[in-house]
Amino acid sequence: MSSVFGRLFRVSTFGESHGAGLGAVVDGCPPRLPLSVTDIQAALDRRRPGQSALTTPRQEPDQVEILSGVQDGATLGTPIGLLIRNTDQKPADYKDTDEVPRPSHADYTYQMKYGMRARSGGGRASARETAARVAAGAVASQLLRLRWGVEVVAWVDAVGDEDPALVDPATVTQDAVDTNAVRCPDIDAADRFTDLITSARDAGDSVGGVVACVVRGCPAGWGEPVFEKAEARLAGAMLSLPASKGFEIGSGFAGTRLRGSQHNDAFVARADGSLGTATNRSGGVQGGITNGEPVVIRVAFKPTSTIAMPQPTVDYEGKATVLEAKGRHDPCVLPRAVPIVEAMAALVMADLGMLQAGRDD
Amino acid sequence: MSSVFGRLFRVSTFGESHGAGLGAVVDGCPPRLPLSVTDIQAALDRRRPGQSALTTPRQEPDQVEILSGVQDGATLGTPIGLLIRNTDQKPADYKDTDEVPRPSHADYTYQMKYGMRARSGGGRASARETAARVAAGAVASQLLRLRWGVEVVAWVDAVGDEDPALVDPATVTQDAVDTNAVRCPDIDAADRFTDLITSARDAGDSVGGVVACVVRGCPAGWGEPVFEKAEARLAGAMLSLPASKGFEIGSGFAGTRLRGSQHNDAFVARADGSLGTATNRSGGVQGGITNGEPVVIRVAFKPTSTIAMPQPTVDYEGKATVLEAKGRHDPCVLPRAVPIVEAMAALVMADLGMLQAGRDD
Amino acid sequence: MSSVFGRLFRVSTFGESHGAGLGAVVDGCPPRLPLSVTDIQAALDRRRPGQSALTTPRQEPDQVEILSGVQDGATLGTPIGLLIRNTDQKPADYKDTDEVPRPSHADYTYQMKYGMRARSGGGRASARETAARVAAGAVASQLLRLRWGVEVVAWVDAVGDEDPALVDPATVTQDAVDTNAVRCPDIDAADRFTDLITSARDAGDSVGGVVACVVRGCPAGWGEPVFEKAEARLAGAMLSLPASKGFEIGSGFAGTRLRGSQHNDAFVARADGSLGTATNRSGGVQGGITNGEPVVIRVAFKPTSTIAMPQPTVDYEGKATVLEAKGRHDPCVLPRAVPIVEAMAALVMADLGMLQAGRDD
Amino acid sequence: MSSVFGRLFRVSTFGESHGAGLGAVVDGCPPRLPLSVTDIQAALDRRRPGQSALTTPRQEPDQVEILSGVQDGATLGTPIGLLIRNTDQKPADYKDTDEVPRPSHADYTYQMKYGMRARSGGGRASARETAARVAAGAVASQLLRLRWGVEVVAWVDAVGDEDPALVDPATVTQDAVDTNAVRCPDIDAADRFTDLITSARDAGDSVGGVVACVVRGCPAGWGEPVFEKAEARLAGAMLSLPASKGFEIGSGFAGTRLRGSQHNDAFVARADGSLGTATNRSGGVQGGITNGEPVVIRVAFKPTSTIAMPQPTVDYEGKATVLEAKGRHDPCVLPRAVPIVEAMAALVMADLGMLQAGRDD
């Protein structure tokens, strides 16, 4: 296990999907930052199950309690303990997994690594673990917004084999993202994505997709070459998310098909005398350091592994069997992945901001 | 700066492209591992400039010296100091960059972060920095191979807009990769890639591409959920490389277009009684932990930023100018990126292997 | 704030003395270790206030709840979340400290560092913070005992200007330590210490002293030169405790008065063929690595800063005043420091044990 | 091995006493700090062997080379590579240690930990390792002095059973320390210490002692509760030094004999409106955070283990033998320990200063 994240703004998470609860300890957050339960709860409400017909019908209110580190509506500079009690546990749903490792889940690998596994529902491999990230990420977002004026917005950019959405990273807002259940600010694409998810759900199947995310207002100079470049930290953060299989910054894989003369971002003079770039194929970072342009990333999420359709596979003994999942699961993780991607981006950027502050005179 | 990498197998690198030299300190390598200068030099020779018509004509022998940690051909368990002296410095080539930040380079961001920049050639942002990684990675490869029988093989999988190569990750060897200068074991693709790179070079332009890499023989159980999952560590490592813009594991972005019923890897019984998977869309990891299948990743590299064609841009004062690079640069970083990707993969996997060993009874 | 401790066996603590609660997240504990609430509660009961006439009369039951990481009486290998609710909060007792920084407390330095301070009772600087360490330490002790047969025993070795106790580190047991309220296994010394503490308490004053601690059964080879030598890690751990002012290992400061010919520990052959030492002035470590002899340390604790006697001092504005504490405090921290020293020693040794296991073939 | 030190100002050291060389990589030093080889060499010259009749007659010039990170007399913000070549190697002196572990040395424990040992002279357990710390510490001292006006001065406070020196931490200077070979600014004590060391040397024996150190000019607010308190970091740093057996801050062990009413440091108003303390038994820290008073510590060093007198012991096989050392060694490590203690204190304080800067608005 390695459930500690960050160097200065450091988070330690805990909690199984089906134990007493889960949470996070945020260590290193500066003092005197306005922070309330409401700020954190708002982020959790965007992640919780049961919010729409597109997500699992499981109902978990995910109420957060602040255990420490906050007094009179502001941080103390001390560790912020955050706790979310588990409420809707139905271990019986997972009985099969005691004998049959679910395909493309972590049942088998946890068994191999730990010599045992958490009963019922995947333990730390369950997507439920991400609630703690979202809670901690809400603190990081607050710090980014109030100390540096930095904002983080993510949205569903693609679902399945549908054409991707058309979204302008320079202007997209969280309000626009939240106008629909699928969390795509391109309304036409949102409709297509919704239809696709619904049809997969009805077929007992699942779909994957891509979440895009922009960090805006970030000053030039964040990111620690050579091993903690902004894109390295972001990539590590995103690939630590359940079901994520890929990461891009700026032009990403598509950019590899261009020539240098097409790809380079020429510098231009901004009105305020600073330099900007005419294009942003770099995705807001050059040499691992932010250049003042929006930081734009994309994260690939595979189709949900748990499906209602029967799957031929083998049990732990190697005996052929057919697995039929009975739990209540998301036909597509994308809509709920949006606040999770934002949380991880915020955790990375807050840490990089503090690292740079430590260097400045 | 953050030039320290890893938790148990820990590397600290140093060195500017045009200072006295560069190198690495490998801290935490177990004792009694056979290791000689030859092992490390062989890896460096695959990375060094001037090896073929496809790379920069700069000649830098990159001779490594072992300063400490090795005695009588074996490691002592103490830090292994590695030094590579710089030899072919031509600062005059870079005079322009004192006044004009090169598009899509790190000149501007280093200026903004550090309030100054290394004269001549990008300092730590130069690709030359990766020589230290390759030297350290050779030690990690040795540990992986001799302690666990793990091998790491990378190759050029795509260049520009050419169709990707056809390579079987289960069987590809480093010898097959090294049969041609472009380092692609699919000979037909190698020819196409070579032609494309040559034509870009002749046009004063550059091309990007994709390096693929496989880690074979890795036991099930490596990778530390939730923040140091194998894919998270690999993604962070790869995005820390100069010019990298994307990362995929297993099915990656393409996998997001499939349904769960198409994507899941059914388990099968292997001859030795253990479980394998019929397909490997997971890319050798499930829930962040290796499952015993080959770990397969892909890394996107943008086209080289330095091109011979004139580029309209602005200087540090915001005044319009046209930049014409005079240095000697690679028209395509891919062939030389192969040993670098292998090195970073080896550093990650050696660290994860040791982390798991610390847990075992 | 830096509330994270350890490299492989890693603890993150949180909690103010007078907030909702405090606790710890233990990350990295191996799976399948037998562990129950009772194991942890037993350690907390030795630390809690109100156990005897020698400690503060404050009553805090310090009931621990395991939030995660344990199932069916054994660890899962996942983070172990531990929570202790605060119950007996009397903020009114601390009203004065809002205007007058208490001498030799952390009121002033927290104000200077964080620009604010936790109302009422010192926040993270309160000794109450150590409950989280004791809870986490109980997990480490369990690992040490069951995986390696290592045991940790601490005792009160000196109080005030009384002659120190006579205790044999090779044989002292926790049962012997717990036979009296002052936690000194030398009964004659225990009586003298008790009298001294009682007389200081009755005078509205306080006394300091020394806690000694032995780690027995530790195999040779633990400790990571050069910066994480066993004694370096232990010293750092002990000086992180509230009120601690000094650390010794083996012969300590007294040893500096000897000649080398008197101080050196000659090797002897043990019955089992291994080497031991005839004396143990090294305190169980040589070159930062355990040598198989008992690891013996001593920790100096200053007299409790909070005293009932009036103290002339100045307020935050620099105006002369006389401070009279009204809270309920320990006249001597030593008896309750015993389980805390054991906890920190256990956290260090468990981490070093795992670090060494990661290196072994 | 764990040869990495610090969180933001991070040092990685390498090098055996008798290999090609040793050195350090300083990662995280801010840019634009004036720094030259001369600054570092001056510190090394105070540590090197052969400086006086009180030290080993071994002659090692310990010339440092800056490999990277410095350009035109100032830091670049990139890793600073420092190399010191070994020159005076006489492996034959150590031949015996291949068969007989030297009492109170690390020969035996390295053997047990690594399954082998560096031939000749103790490898990383040799005091020679500290040259790399001194080189890195010189960079930290420069940062402390030029960025914050902080200065670090250490001196020999006691040798053997002689009465300790009388030195005022508030005013002592490095010049005063360097007026004599024993490095004690109390001239009377210096004479006594010199006589004692000389007599021990002539007897083929060795003596120990205590180095004291003060950090002056440090602003209030440095130190990271709870696990990286200033005194915790300093204690860990000092106990990582070869031959150190104890650490005190402020009143230390002597303070445990006082009552709280005698020990507390009353606050007083300073002329500039800030608060100071009338006494400094706290040693400049309260609750782990600097309070603006001088930080005063003491470090115990045991008598040198290598002595010329014959020592009865056993060989690796357990067979009785008598060891007679033939190498050239210090009869007392104290005079050369002074710059080493300063280096470690500087490394800790520079790191804490940067950590606090990262928190500030």
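Letters are used for the chains, namely A, B, C and D, taken in the order the chains are written, and counting of residues starts over at 1 for each.
FYI, contacts are C-beta pairs under 8 Å (C-beta built on N, C-alpha and C of every residue); 3 or more make two chains touch, one makes a residue touch a chain.
No experiment lies behind these values; they were computed from the predicted model shown.
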If a chain touches chain B and chain D alike, it appears here: A, C
Furthest chain, CA centroid comparison against chain A: D
Euclidean distance of C-alpha centroids - chain B vs chain C, Å: 46
Whole-Å separation of chain centres (CA-atom averages), chain A against chain C: 39
Computed distance of Cα centres, chain D from chain C, in Å: 26
Chain B residues counted as touching two or more neighbouring chains: 1-4, 13, 28, 31, 77-78, 113, 124, 355
Chain B partner contacts - residues on chain C that touch it in the complex: 7-8, 28, 30-31, 77, 147, 225, 354-355, 357-361
Residues of chain A defined as touching chain B within the complex: 1-5, 13, 101, 103-106, 108-110, 112-113, 122, 124-125, 129, 158, 160-161, 200, 205-210, 220-229, 231-240, 242, 244-253, 255-270, 273, 275, 277, 281-283, 285-292, 300-307, 309, 311-314, 316, 318-319, 355-356
Contact footprint of chain B on chain D as seen in their complex: 1-4, 10, 12-16, 19-23, 25, 27-28, 31-32, 65-69, 71, 74, 76-81, 83, 113-119, 123-124
